[in-house]
Every structure is written in structure tokens, then in C-alpha cells.
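Shared between the two complexes below is chain A, which pairs with chain B and chain C, respectively.
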Partner chain A sequence: MRASSRSKFREGRGLLTLILAAALGLSLLSVDWTGGLLHSGGVSYAVRIFGGMFTPELSPKFLALALEATWNTLTFAVTGVTLAVGIGLPLGIAASGVLFSEGWLRTSTVAAARFVLAFLRSIHELVWAWLFVVAFGLSPMAAILALALPYSGILGRLYGDFLNDVPQNPLRALRASGASEFKTLAYGRIPMAMPDMLSYTFYRFECGVRSAAILSFVGIQGLGYQIQLSMDDLLYDQVWTLMYLLVAVIVAIDVWSSVVRRNLTR
Partner chain B sequence: MTAHDPTLDFQKVAKSGLSMPMASLLGFIGLAVVSWASILWGGKSGFSELFMTGTWAGVAEFIGQLLGRGTERTPAFLDFASWRDALWLSLDTIAMSVLAIGFAALAVLLTFLPAARNVAFGELSGNRSAIGCAGFFLMRGVFVFTRGVPELLWAMLIVFVFSPGILPGAIALGLHNYGILGKLSAEVVEDLDPRPARALRTAGASNLQMLLYGVLPQLLPQFLTYMLYRWEVVIRTTIVVGFVAAGGLGREFRLGMSFFQYDKVMLFLMCYLLLVLGVDLIAAWLRRLVR
Partner chain C sequence: MAASNEQQRAIRLDQVSKSYPGRMALYATSFEINVGEAVAIVGPSGSGKTTLLHLMGGVIQPDSGDIFLNDHRLSEMKPGRELSSLVGVIHQQYDLVPHLSVMHNVLAGRLGQWGILQSLMSLVSPKNQTLAVGALEQVGLVDRIRERTSRLSGGEQQRVAIARLLVQDPEVIIADEPVASLDPARATDLIDLLAKIARESNKTFVASIHSTDLAHQYFNRVIGLRNGEKQFDLPVAFVSPELLGGLYELEGLERESVVQE
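On to the complex of A and B.
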């Protein structure tokens, strides 16, 4: 490495450290430290809430309820993510611009698709959910749409990137043998990008379970809803049973996805 | 990736009946079909309402209210004083996101080491110990659990303990991101080049010196990149955590929705989009400094 580029490199790091430290310091200043950080009785609440961690409620009746809630959350995650793939894939293909040759048509399609994707993913699923509940009324479909829109924004952007980043030589071979851009996509890009696309979709599925659980905030049934009910009744043992079930589902999906990924990339 | 040989695949499929990815795909499709069926036919799904004019009239009405129709005063998003207040709240929201990612990052830097397989099982340092193995499973368990529980649920628990404000929100966001950053950091350490650490060990370096000169220089650039990427995600989530932790834009958004002041909701959504865009740009710039 040349001396000049090395000192520049150091400078960047130093500046970054300074910025990060200053940001953290300023943020700490904006906390109101004078008003008492804890509730009166906050400590005893903390002891009761986090004490429940070690004594989760395991009665068969409650477990049946908890498993039903888990299934509900899972169905919302699955339907939301499948819809997100359905919306995200065409948008992602449009955003990657691979279907067009150079020209104004390609530029404008890519720009429009990227803008739509960016807009969809900037708004959190729970904000979408709340807006939809007000607009459509409380229904499972509103929740699924709320989950699917931001997820399609994230998936579409990454699908587009993956489709662009595939090795170029096999594509040239396909084109040389007379394949159209569409056939190059279907038989070249998509198969080559598949492992990355699949593994990222799995990761979003895992996130989808978490998101589906918190859709309870707008009144959708599931793990989060039951957690809220148990919190309101001050039954912290039940809260932790539900939390453990949520974590178990997420770990199961994580393991599933790593097994699939290992098989695909081997 | 190795070169792809289709005959090998064929043999594998022929032997096991069904390849693992194929079985997974079929399994997922099955799950999807059952889920969609249980939503669409399991009571009122709201699907048919999507095709009724009444629903869309309601949607149009709501969008009209968001755009300020039906309020006597000037819509909040055209009013200077409202913008000023909302931007102050946005500063609170930014502070909450910075604190969240700062807490998470500091906690990870203090605890990532036992969670890396090569460190815990002594492949890097050359001595294996039972404490190392126990620490590995404990820390991995903590990471899995903190990351498995969504931010909003952490916030619901934490508001019982802390006074409302940006601090409980930051702690809730920090806990979830601690699990994510911790897992990613441990994986980076597991994948790092062991030769510098080994060379240091042969030269007589202590464990601390190995950490400082053998592990951290390789970990930190990756760690900062992940941290900045998570910050982009955190800023999108701060508003949601603010719903329950009563801090920043989230609280006002919730109040606006509860009092049907949709022009204010529109203003907060605009601030929110500005924050998301601003943080994306700042994070992209900071990432360039890392390289």
C-alpha cells in the first residue's frame, strides 16, 4: 500500500471514530436523566417480570392455547412472505433492468421500480398495518398486505441485485446460442441467483414470524396478542412460555435455512 | 462453490428419492397452501372485501383525511410551527436510534469473544477449557434469545421498568440488535484468518495482545459495516417502538391516530420518510469511511 493512501485510510477511520463517539455522546445528552429513570416500583416489577423467565407456565390447557397462537402467527408469516415474493420478484426483475437492452425504456423502468421498492420498504410493517386497519378495517387480509408490502420492497431490491451480480459468461453463451433476454433470465440468471435468493427469502421468513407476532398491536390474533393479554393480567409465567415458543419457531426456521443453504452451495 | 456436475445431482436424487432443497421447497409450498387456505376459509378473511367498492370508498376517504380534507385549520403538514415541533421530535427519534445501536455495539464488543467457536474451543489460542465451551453455549443462547424476541415485545416488557421516554425504547431496540450483531460478529471471528493470531501466539503474545492485534483489526471493519446496516433498520423501527415506549415520533404518531388527527399523521409520516432517507445517506457515507 502506498504511503499516501495509507494515511488517507487512517484518516477515514479516525474521522469515523470521532463521528460515532460524538453521535453517542449527543444522544446520551438528549435523555432526560433528571426525572428518575425507573418507575417507582420499577425494580420490583423487573424482578417479577424477569423472574418468570425461569418458571414458564406449562399447564396443558395453556400450552394448547399457546400452540394455537403459534400456528396463527406462523400462518400470517407464511402468507405474508409468499405474497411478498409474488410482488417482489416481478418488481425486482424490473429493477434489475435485465429484460431490456440499453435505452430510455430500460432507464425509466429501472428508476420507477427502484423508487417503488424504496418506498415500500421505508415504512415499517406495523405502520402499514395501522394505516390498513384504519382504511380497510381489521381483517387478516389487511395484516397480510401490511406484512407483504415492506417485505416485497426488501426482497425485490435484493432479488434485483442478485440477478445483476451473476457470472456473465454463461449468459453470453446463452445469448450466443440465440436465447432472448427473457430466456436468458429464466435459464441463466434465475438458476444462478437461486441459492442467494432462497437463503435471503428464508431469512425474511424468519423476520416475518417476528413481524407477524407484533401485528397483535393492531389486534391480529397470534403470539403477540396472547403475550399482551398475559401482560395485562400480570401473568408473567405465561408471557415467557409464549416468548420461548416464538424463539423456538425462529430457531427452527434458522436451522432449516442453514441446512438448505449448505445443500445448495455444496 | 465447486463446478456443477448434473450427473452427480442425478445420482444424489436417485439415491435419496428427493434432494433436500427439493423436499424443503415442497414442504414450504405445502405450508403456504395450508396457511392461505386457513386464512381464506377460516372465518372472515377480508379477502372478498378487497373487491368491493365500499371498501375502496373508505380507503379514498382515509387518504383524503391524510391529505388534510375535513380539517378546519390548516393541515399540519402545511403549517410551519407543526413542522418545527415534528422536527424536534425527529431529533429525539434519531437519538433513540443512535443510543440503541450504540448500546448494542458496546455490549457486543464486550461479549462477542466467547461466542466464536474457534475462540471458545481453543483452536485460536491453543488451549481448550471447559469454561470456554460453557461460555460458548451460554453466549450463543443469549444471542439467539435476544434476537428471537422482536423489539416491540422487548419494549412492552421494559416500559414496566423504566419511565417512558427515549431510554426504554433505546434499550428495547438495543437488546434485539445486540443478538443480531453478536451473532454476526461471532461468525466473522469464526471465519477470520487464524494465521496472524497464531503468529502472535508463537511470538509469545498474551491473550489480550492476541485479541487486540490478531482479532480486532480483522473484525472491526466488518463489524462497523454490519452496525451501520443495522442502524438503517433501527431507524425504521424506532417509530414502532415509540408507540409503546412513548418516545419521539412514535408517541405522537400514536396520539394522532387515536384522536383521528390524520393531517398530523401525514406530517409524522413525512418526517419518518425523511429520517429513513437521511439515515440511509449518512450510513452509506460512513460505510465509505470504513473501507
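On to the complex of A and C.
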């Protein structure tokens, strides 16, 4: 029965792929390839913009400004993602249902936690930011919350899955030593899920830095804000300096993440 | 139950049955084990050894029948403190948490006794360290105490599991094929260690094993299982390779390969 439902799923998936491919093909036909692709003078703009790649602005004054913007973006991302871990972990534990034995209490807790997580992450951080700006005005707190809420929904969902997917035998052995489900969580599930949880949190932190850069319009003098200013002044050399700094931050996080994970799994 | 012996009963099974979807794992099995006895459970794969041991360890619940530990009904005992001080189980795989240090895996034997706060604090600064050191000394691994458990070999991890059991300090030690994953020499060492621990502190010891040699060397009594039913329950002196072989032969297995080490 299981096999037949799976093969039905496969059939459905094939059909879906076909429909999506057809939609893509049709959408390509609807593009006006002759006129509208580049605006008048578009080519010269493109040359100026991408020429900036090779001549980033490196004057000390601008570099100081850019580094400060990077720092602001980074602290914003760190605060937001830390808050998201703080909200996401308890919600993820509740959504995993590992603290309860079978029954209505478990079913309802899992359902409630999963709903809250789905609600948090189905609204994009830009939309949250919009709402908070309208409600509270431009403030760093609005931006941090806008980042933390959807990220806690995403992290919590994944944490819950990771905590459920650990090998069962060590947990059984812990229970046989008299461990309650909570102690089993602390001594078995979390340590065993930790490499996955850390790795995913680091990845989310990278995403957080990108989002923080964009969200800086909400009231933080971050990278996105500076990029916007430089774009408005048509200073593409400056834009590229700022973008390279963003890349540098992401690469640094990636290196940090792999060092931490290597220490953890060694 | 006016048993004739004056000795104290450690374990009593009364018509215990357990089935899994589509198959009977253990059928109306009854026997008693006295405090301090060393009992070997033998039988081919699928004969119900693991089920029987897990039932005695409180890892799974019977469908019908009663299990008594120290004359208390197992089903009425709370898991945690009470059960963990009565019975401890060594599993087929060593089943440690590979990501934790050896120290934490050993001290996990105290989780039944510790409160929640104590348990959490101990992850940061381990409590009862002397207990862990003492247990690891007995299994000869005290120099590995700070290492990640995953860095230890299979045989070493099996010893860490024994150290955890020592820290748990239950009255009954149950070992489910403790030697299945080890080579014969190490297997003998391990049974030797478990039997010695049990003997020295007058603990009851129940283990599933495959060889008559091991049975004669370390156990007083042998219970034979086949297809979830008890075939014999005899003092070890009456257990011959032929008897044990018969148990396996009925399953169509090669007697030579299974019985002899």
C-alpha cells in the first residue's frame, strides 16, 4: 500500500515537472526580446556598473564608512539570529513532541507549536519589517524583530526535525539508566543533533547577514542603506566596495562554521 | 508461590507473553531467578532472547503475564529512580551517545537518581566524578575519560557501557548478547568482566550468549529458548553441546558453526 502511494506520488511528480517546464517555456515566449530588454543607454550603464567591479572605491574615508556599515549589519544579524535561536529552540522542542508520550497532550502541543512556527516563517522578514515600521516607526528594534520572527520559525522547524531524527538506541539505553524524557533530551537528543543544528544555524546566520543588509532601510546605517545611497549617486565603485565587504563577511562566517563543526565532530 | 528455597528471588516471570505484529516473540514463559545467580539465555536468532531480556529490564512491556523484580510487580514500578536501581541493561550495540565525552556517558548511569537541575548542571561541571573514575578504573579506561566517546573502538565503547552500568549500580545486570559485536578473545574478556562484577557484589546476572564454553565457565544455569518458548531450564552441569546444538539444529542451522567458538 505504501509502495503504491509512493509510485502514485512519483507519477504526480512527473506530471508536475512537465507542467512547470511548459509554463517556463511559455513565459519565455512572452518576453519581448527585441525592444524592452534594455532601456535606452542601457549598455553604457551596464558597462559603468560592472566596470565598478574592478575599481572598487578604496579611499580611507569611504572604507571607514563602509566598515562601520558592515559592523552595524553584522551586529544586527547576530542579535536577530540569536533571538531567533532563543525563540526557535523551545518551539522546536515542543514541535518535535519528544517530551511527551503518545496522547492528546502530545498531539495538541505538537500541533500548536507547528502552527506557530509555520505562521512565523510564512511571513517574509521584509513584510514583518513593513508591519513593525508602520506600528513602531523606524527603529533598530523593529528591524531586529523583523529578522528574528521568521528565522525562529525556520530554525524551530528544523530543530524539531533534527531532534526527532537522532538514532533511537542510545536514547533507549539512557531511559534504561533511569533517564526521563527531559534528561534524554539533554543527554541524548541535543548532543546527537548538535552538529546538524549548528551547521544549519550557521547557514541561517549567513542568510541573516544578507537579510540584515537589505533590512537596513528600517533604521540601521547598514550595508544596504549605504548601497542605496551610493546607487542614488551613481557611485558604482562604492557599491562594489560595499558588496565585496558583504561577500567577505559571508566567507568569514563559512570558515568559522566549518572550524566549529570540525571541532565538534572530531 | 510458597517456593521451597530460602533464597531471595530477584526475578520471577509468570506466564509472560509478548507478540509483535505478525509474530509471537515470547509465549507463556515462566521461571524464577534467585539473587546472585548467573543465568545464560541461549537460543538461535529470533528465538526471543532479546525480547525476554528487554522484558526483564523493563525496556518493553509484556502483552500478558507478570514480571516481578524483588517481588515487586514491574508494571507497577515507576521508570526512573526505582527501576534503574533494580535493573540495568547492556544492549547488543553499546548504544552510547557518541558526541558526549566518556565521562558524561558513564555518569548518565546516575540520571535515574539525579534531579533535572542536577542533570543539567552536570553537563557543565560533572558531578560524582570520583564515581566515574572508579567505574572506568574497573574497566581499564580511566585514561580516556575526557575523550569523545566516538573516538573509542567498539570494544572500548562496550566497556564504557559497562562503566555506566557500574555507576548505575542496579541489583540485576542484564546483558543482551554483549559479545555479538566482538571477536572471541575480547568477548570472553567482556563476559569475564561482567561476571566478575556480578559475583563480587552478589548481583544477579542474566545474559544471552551463544557458546557452551562461556556458559560452563561463567554461569550457574542455562535457559534454552526456541520460537519464543522455553525448551529447557537446567543447571549448567547438565548442559551439553549436544543439548545446545539440538536447540539450533531444529532451526536448520549448522550446529558446528554456531555452538563452537
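Quick note on the criterion: the second predicted complex is superposed on the first by the 238 of 266 C-alpha atoms of A that agree within 3 Å, B and C clash if a C-alpha of one lies under 4 Å from a C-alpha of the other, contacts with A are read in each partner's own complex, and residues count from 1 in each chain.
By definition in this document, a residue touches a chain if its C-beta (ideal position, glycine included) is under 8 Å from a C-beta of that chain, and two chains touch if they have at least 3 such contacts.
Everything quoted here is computed from the prediction, not taken from an experiment.
Of the two partner chains placed by superposition, A:255 touches none, neither chain B nor chain C. For chain A, the partner with contacts to more residues, out of chain B and chain C, is B. By the document's definition of touching, neither partner reaches A:18: not chain B, not chain C. Legend: residue contacts after superposition of the two complexes on their common chain; A:174 is shown touching chain C, with no touch to chain B. Of the two partner chains, neither chain B nor chain C is touched by A:67.
Touch criterion met: A:183 reaches chain C, while chain B stays clear of it.
Residues common to the contacts of chain A with chain B and with chain C across the two structures: 264, 266. Considering their complex, residues 169-170, 172-180, 182-183, 186-188, 191-192, 194-195, 264, 266 of chain A touch chain C. Considering their complex, residues 12-13, 15-16, 19-20, 23-24, 26-28, 30-32, 35-39, 42-43, 45-46, 49, 74-76, 78-79, 82, 122-124, 126-127, 130-131, 134-137, 139-142, 144, 198, 210-211, 213-214, 217, 224, 227-228, 231, 239, 243, 246-247, 250-251, 256, 259-260, 263-266 of chain A touch chain B. On chain C, the positions that touch chain A within their shared complex are 57-59, 79-81, 83-85, 88-89, 91, 93, 95-100, 104, 108-114, 116, 119-120, 123, 148, 161, 164, 168. Chain B contributes residues 1-2, 19-21, 24, 31-32, 34-36, 38-39, 44-47, 49-50, 55, 58-59, 62-63, 91-92, 94-96, 98-99, 102, 144-145, 147-150, 152-153, 156-157, 160-163, 165-167, 224, 236-237, 239-240, 243-244, 253, 257, 269, 272-273, 276-277, 286, 288-291 to its touches with chain A in the complex.
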